[in-house]
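Look at the two complexes coming up: chain A is in both, with chain B in one and chain C in the other.
Here is the complex of A and B:
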């Protein structure tokens, strides 16, 4: 029983950490139809920015400072998103899918290079704030508080995004443009501005995720790539730009990965990939997606 | 037909001139640079194999590292465990490994996926291969397989000693020139033409009675086989097969070569691979500079000159000819075919 509980807990942790990264990715995928490789790079920059903010305050920090650092990272990376949309993404709208995918990969390379230049190649490690650096026992099951914190962040992010997309003016406009940009333009909406807002918002989410997750792993210039493939999987299994789909997919894939690793511990990481391939073959449009012609 | 012969001679000449340039390189460069040049030669064909898919059948593969690593590891295992097997046998097994991987994964991936989905599926498969390599003791886990010997080829009457790095370098460049020209010949054969028709208009090609899926799979297997051959040739040169060659950044290398050089031209990936090698060497002193330079260049190519470097230069030449009115008037379309 304890084992199953712990496996579910680990699956949730995997899923929510990945969802935090995938949330911004799925927004851009849904509205711009670009699978943004650079998202991993800006996630990584977010983690490094938060790290630098923390260092500026002396290293060990209370929980509120950890959150402030993460929000600062979100704002900084959101600002970068503004520049990236003006300079690059705007120009990719009429470019073939394959080329825009490669362009965002080029941007990821620039991010990786910039991180190496600014912060160096060494691994940097961050301890969770003292308030999150303990363990909670539930019967015989022990759960690190930091992991519980990440799961809570993931669920809060999902609820916040759902409210934003379904119940606010801007969220509705974003959905309108995602559904039919041409018609939205005819109706007099400033489509360009809505694209810009989406991109900035998506990048800010990447930065925030970087800040929140930085204590989970050592920071290195490879960090961008590590989460990227998982987030890709979640976005695609979830269906074109569906936040709800991504959330369900994150939990589903997290559980598959966690239970797979429990039963076959020799090959961690493999079950997520196998599940991704199988799901894509059975239902290429994703669990919440509509049938596509592409 | 006459046109074909002329173009064949021109492209054979390009392959031979490239071979000669690579052959005289060790006379002017030190052994470190020669080692890099050998890797560039392998990368050229690696890039060409990727572009066979991209510009050939219009498939974007983000997983070519799995073929390269498949060939490399097959070669490494054969050299270490079966030292009596002739060198050619190892190369053949290596290439076949890539072909088999491509057949299995291609059969699955091509059933439903296209475009971005195909790219992500190949990325996932490639990562699968990477994880399997790092977790399998037989394949050396994270340490890789080391101490791979360079061969002595026994021809009965005489034997060719390739145990020195320089001798093996010459073997590499000859092998790569032969494969590159063979690939050109394939792309300009009736089958190659058919594959190009699939990229331009899959629906119409299917309507004409072509089994589009099986031709795509054929191209995928061929591309995987050649990429694996590159891996198999590279391993005795570097004398190590490490899991990094299965990592997804390796999959993106042929994409960089092709796009930088120009996807619309057969020799585009070759130009890109040489350029990439030069950038990597020139920026080696400062970590990160190489990534920034290549990333910026690639962005510039996609946004400003989608034809890549070669496309840009060739279109400039054509434009200049048109302006001055001198020389033969070559329309754009013909100029592209001529390469």
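Here is the complex of A and C:
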């Protein structure tokens, strides 16, 4: 029973960590229809920025400072999103998808190069803040508080995004532009500005995810690629562009990966890929299909 | 800045889709408060000409003066906010938001302090009020057309471009639409440019005719002038 509980807990942890990265990726695809390969790179930069903020405060930090560092990473990477939209993404809106893939992949390489230049090639590690560096016991089951924190962050990010997209004026305009940008322009909406807001928001989510998850892994220039594959899987299985779908897919794939590893521990990581292939064979459009926006 | 004689003046307008030259040296004008029919067969270039005025599709060369200013290089949304509003042929009602929300989107094109209220819209289009909370996808073709026109009107445009507003509608709905447009003309200070193939509808709603054929303006005059030359209808409108 304890094993099952722990397996569910690990599945949720995998799912919510991946959702934090996937949220911005699916948002930008849903609105701009650009598959942003560079997302993992900016997630990585977010983690390094938060790491630098932490170092600036002496290397150990209370929980509030850990959150401030993550938010600072979100703001910094959101600012980079502004520059990326102005310099690159704006030019890709009327060209074939292949150009977007090549350009955003090139941008990912730039991110990796920039991280190597600024922070070096060495592996860096970050301890969770003391308040999150303990365990909680539920009967015989123990749960690291940092992992509980990440699960809570994933759920809060999902609720926040749902409220933003469904219940705010900007969210409504984003849905309108996603559904029919041509008509939105004719109705006097400044579509370029709405695209810019979406890109900045999506990049800020990547940076924030990097900041929140930095204690979960070694920081290295390969970090971008590690989460990107999982995040792409979640976005594809969820239904390209659907935040709700990505959330459900993150939990589903997390559980499959976690239970797969529990029952067949000699093949960790393979169940995610098998599930991805099987789900797409059964439902190629993903769990939520192409969600209608407005 | 603003001219009182001509609201829209087009000169030497050429429009292209890729290498295809669709509109050739078009020139015409619309005065303030005037209602003009743009007639032509399918494929004559009516829709391309309308989209060209908003820079909403084809590549455009030539001069478009609107309200006394050359609007070449002005983005589509800014043209809308200056009072040039297009209601497209396929209506483009957003399916997953309500009729009321669809109409309210028109407010983004309003000039300062100029927008109509939803109440004004329901007075102009009493048929829409009961549909207010219905989702866009639940509307019939005729209802969609009314909502599209209402949405275009909400921002109180100076020139409303209607692209085939009665295409595919039942005859009784066409008559209804003509009555609505008549009411709009009586109550709102705006000019109309209506692209049509339905001659009787166009005649009921407009004062003047511009005839287009294979991308060229081939006639520009009053309905009396148009009727005086029966060959025009035969040459340029007969199927």
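By definition in this document, the second predicted complex is superposed on the first by the 289 of 294 C-alpha atoms of A that agree within 3 Å, B and C clash if a C-alpha of one lies under 4 Å from a C-alpha of the other, contacts with A are read in each partner's own complex, and residues count from 1 in each chain.
Simple rule for what comes next: contacts are C-beta pairs under 8 Å (C-beta built on N, C-alpha and C of every residue); 3 or more make two chains touch, one makes a residue touch a chain.
None of the values given here were measured: they were computed from a predicted structure.
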Original post:
Looking at the overlay, what does A:135 touch: chain B (first), chain C (second), both, or neither?
Top reply: neither
Original post:
Touching A:264, do we find chain B (first), chain C (second), both, or neither?
Top reply: neither
**OP:** Kindly classify A:63 by the partners it touches after superposition: chain B alone (first), chain C alone (second), both, or neither?
**Re:** neither
**OP:** Figure out whether A:191 sits in contact with chain B (first) or chain C (second), or with both, or with neither.
**Re:** second
Original post:
In the superposed arrangement, which partner chain does A:115 touch: chain B (first), chain C (second), both, or neither?
Top reply: first
**OP:** Could you tell me if A:183 is touching chain B, chain C, both of them or neither one (first, second, both, neither)?
**Re:** second
**OP:** On the superposed three-chain arrangement, identify whether chain B or chain C touches more chain A residues.
**Re:** B
Original post:
Which chain A residues contact chain B in one complex and chain C in the other?
Top reply: 294
Original post:
Can you name the residues of chain C that touch chain A in the complex?
Top reply: 54, 56, 75-77, 80-81, 85-86, 88, 92, 94-97, 101, 105-106, 108-110, 151, 155
Original post:
What part of chain A is in contact with chain C in the complex they form?
Top reply: 172, 175-176, 179-180, 182-192, 292-294
**OP:** Sort out for me which residues of chain A touch chain B in the complex.
**Re:** 35, 88, 91-92, 95, 97-103, 105-117, 120-121, 221, 225, 229, 232-233, 236, 266-270, 273-274, 276-277, 280-281, 284, 294
**OP:** Spell out the part of chain B that touches chain A in their complex, as residue ranges.
**Re:** 54, 60, 108, 111-117, 119-121, 123-125, 127-128, 131-132, 135, 248-249, 252, 255, 259, 286-296, 298-299, 302-303, 306
